[in-house]
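Note that the chains are named A, B, C and D in the order they appear, and that numbering of residues resets to 1 at the start of each chain.
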Amino acid sequence: MDRTRLEAFSDGVFAVAITLLALNLTVAGPGLQHQLYEHRWSFAAYLISFFVIGIIWVNHHVLIKSIAVVDRTLLFLNLVLLLFVVLIPFSTATVAQYLPVPNGDVKVAMALHSGDVKVAMALYSAVFLGMSAGFGLIFEWTLHGNHRTVPLPPKAHWPARLRFVGGSGVYVVAFVVSLFNAIAAFILIAVVAVYYIVERTPTSSAAAPDSPDDAEAV
Amino acid sequence: MDRTRLEAFSDGVFAVAITLLALNLTVAGPGLQHQLYEHRWSFAAYLISFFVIGIIWVNHHVLIKSIAVVDRTLLFLNLVLLLFVVLIPFSTATVAQYLPVPNGDVKVAMALHSGDVKVAMALYSAVFLGMSAGFGLIFEWTLHGNHRTVPLPPKAHWPARLRFVGGSGVYVVAFVVSLFNAIAAFILIAVVAVYYIVERTPTSSAAAPDSPDDAEAV
Amino acid sequence: MDRTRLEAFSDGVFAVAITLLALNLTVAGPGLQHQLYEHRWSFAAYLISFFVIGIIWVNHHVLIKSIAVVDRTLLFLNLVLLLFVVLIPFSTATVAQYLPVPNGDVKVAMALHSGDVKVAMALYSAVFLGMSAGFGLIFEWTLHGNHRTVPLPPKAHWPARLRFVGGSGVYVVAFVVSLFNAIAAFILIAVVAVYYIVERTPTSSAAAPDSPDDAEAV
Amino acid sequence: MDRTRLEAFSDGVFAVAITLLALNLTVAGPGLQHQLYEHRWSFAAYLISFFVIGIIWVNHHVLIKSIAVVDRTLLFLNLVLLLFVVLIPFSTATVAQYLPVPNGDVKVAMALHSGDVKVAMALYSAVFLGMSAGFGLIFEWTLHGNHRTVPLPPKAHWPARLRFVGGSGVYVVAFVVSLFNAIAAFILIAVVAVYYIVERTPTSSAAAPDSPDDAEAV
């Protein structure tokens, strides 16, 4: 079984999920300029989710390229990853719905600490955590049974895993933080996305395409 | 005519259908935590439909790989399969809409035996049955006229068909059960999905990729 | 410029359009069984549109395979075809919205002859006509300037064109009929779709894959 | 890292975005013919956005073909382009929502100069500008570091850039114009789209497929 359809199906799901994100952006009624301003958290959530899906797509791209064999186990592990990718438009829409409060900055600040916003942000973090864990499962699978075209030496397994736990760890932290302060968790997730795009890109593009350095989770 | 575009189009439909599933997950109004709890049946229906589409995609993958010739008959049989795949977001949304009852566990239990829930679950089972039957038609087509790259010996036809009837049979049973008890039919469909993922995966991944054992309906 | 991305993009649009069809199928409120019955015209419209898109996809598949050169003109003619394909979920939803009348058979019969239903059905026919004309434009383009890998002899041009005018002609007739009787136009479109699937398939699958016989419009 | 998945993912996003455009076309209530007339601006906006996405897809097609190396930087620059492509259905729906005014031509004319319409059209122009700038970033990237299979001579860099600034410049002008007269900005964007399709197509199809002339922004 070759990689072509696994990639085609996954790319399709990534492409649809990333495009559906913007489907939840809707404004209505008079005062468009004011409304766009009030939806600023929706746009921020859209932006972050867009790049998180983009980053995981790039990493998925690199990881699947390093794989020698496609079996049913991989196909179903991939489904677990996609299960959470598909939930991102839902969690983003939920965050966008509970973050904006239309009546002034004071109420916004209050709302950002109220119960519903925290639950929405916990859901947002949990879906990213699920996606990251699904990606970690695929990576773990590649470490065993000659699944990689170029096997990773055993002593490199733990460093590689730690990098993945580090990636997923951010979302665990964001989940816990969201229970206390939603906006702090939101900023944490945004900062990590920016870090992955700006900071890791030059290093990774210099590395070999199927080196473990390139295949890191978000 | 080659398999490439048949696979590309089918993968596109599978990918869009599986992603649209989550489009029906929406929460609104105050009390997000409580609302997420009340939508638990929606999430369960989403989860089951996601993996049923995932399983049929994997099986479709394997079955199309075994095919030597792509003709118009196959293209239209494939359309019959996709016709029902495309209906899954609709049937899932319908089940999700009629299953949750917001006012306490007693009413949930009652609702699960009321008329509308049974009709919704019958529809849910019927769409899966149509999908399974569409897949069975493609499989039947592969058995005849040198359509497989490696022909299946005639004595293996009936065992292979029985496995397919077995697959479709589960949905016939679920359809009948749904007329009496919706939740029992729901659990039956969920159990079969779990069985296909957990139980069949190791066996199947050990088998040859285009052996009939691998190409089983759901 | 190769055919790969033309096919990939077109397949993507076909796949999304065919899947979005079912997005307009929604039921709500008590009395699910009765509601499903009242939406029977929606389901019929869904079914017809699904197979019309399916048929045009199969024909597109065959036609693009016969092409030797992909230039900008072809890319934009292809966009004209896709412009109307993308409108099919809209025209189908409009027909489905204006066809069903919930209060008894007499009113249904009356509604089927009222003004709005006729306009909806004229729109439905017009979108299919636009799609068919877009396909005809691509076919016309293939006849000139060494665009086919196997050129069609000039004496075969008019018979081939007539077949295409015949295909588009059905939608012209359906458009005119819809102004007098919506249901008659609906049945005409349905019958032609069934004819293309059932009647043409065996003949076409026997013919050479890139013969002009195979590449007929709907 | 090869171009295949970059193209597949991008084609998927383009295909979904172009198909979702029509999802915002909805009519309801009695008087369908009148309603379709009142939605004429929605249909115009749909038409323009469809062809703008189509043009950028064709240009993306040509530009990616000229690339020798796919690295992480390109993948993220491509994400910036797609970020704005995905926003086009949203900006189109916003324009379509604020342009039509149902109560006679005088009010339409007035509405077209009112504040909300200008903001909607400024948003519409800004999203196209972002898309065009994203495309320009990819083009700029191709000019450096042996990224093209056939390098562009340095003296050709500025003419090529000017053509891109020219493309993006139209949207800057449209943005400024929209602050004074929404309909004028709308017509400007439409005229440029028609120009790119009708005027540039013959020239470009005569040129070599990976010449810089072919890869121009919109």
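General remarks:
Everything below uses one rule, namely that a contact is a pair of C-beta atoms (placed from the backbone, for glycine too) under 8 Å apart; a residue touches a chain by one contact, two chains touch by 3 or more.
Everything numeric here is computed off the predicted structure, so don't read it as measured data.
Between chain A and chain C, the superposing rotation on Cα atoms measures out at 180°, rounded to the nearest 5. Averaging Cα atoms per chain gives one point for each, and the point farthest from that of chain C is the centre of A.
Residue numbering shows that chain A and chain D use the same positions for less than half of their mutual interface. Taking the mean of the C-alpha atoms as each chain's centre, chain B and chain D sit 38 Å apart.
Rounded to whole angstrom, the centroid-to-centroid distance between chain C and chain D, based on C-alpha atoms, equals 27 Å.
Multi-chain contact residues, meaning those touching two or more other chains, occur in chain A at positions 8, 11-12, 15-16, 20, 23.
Interface of chain C with chain B (complex): residues 7-8, 11-12, 14-16, 18-23, 25-28, 30-33, 36, 47, 50-51, 54, 57-58, 61-62, 65, 197, 200-202, 204-205, 209. Interface residues of chain D, counted against chain A in their complex, comprise 1, 4-5, 8-9, 11-13, 15-17, 20, 23, 71-73, 75-76, 79, 82-83, 86-87, 89-90, 93-94, 97-98, 115-116, 119-120, 123.
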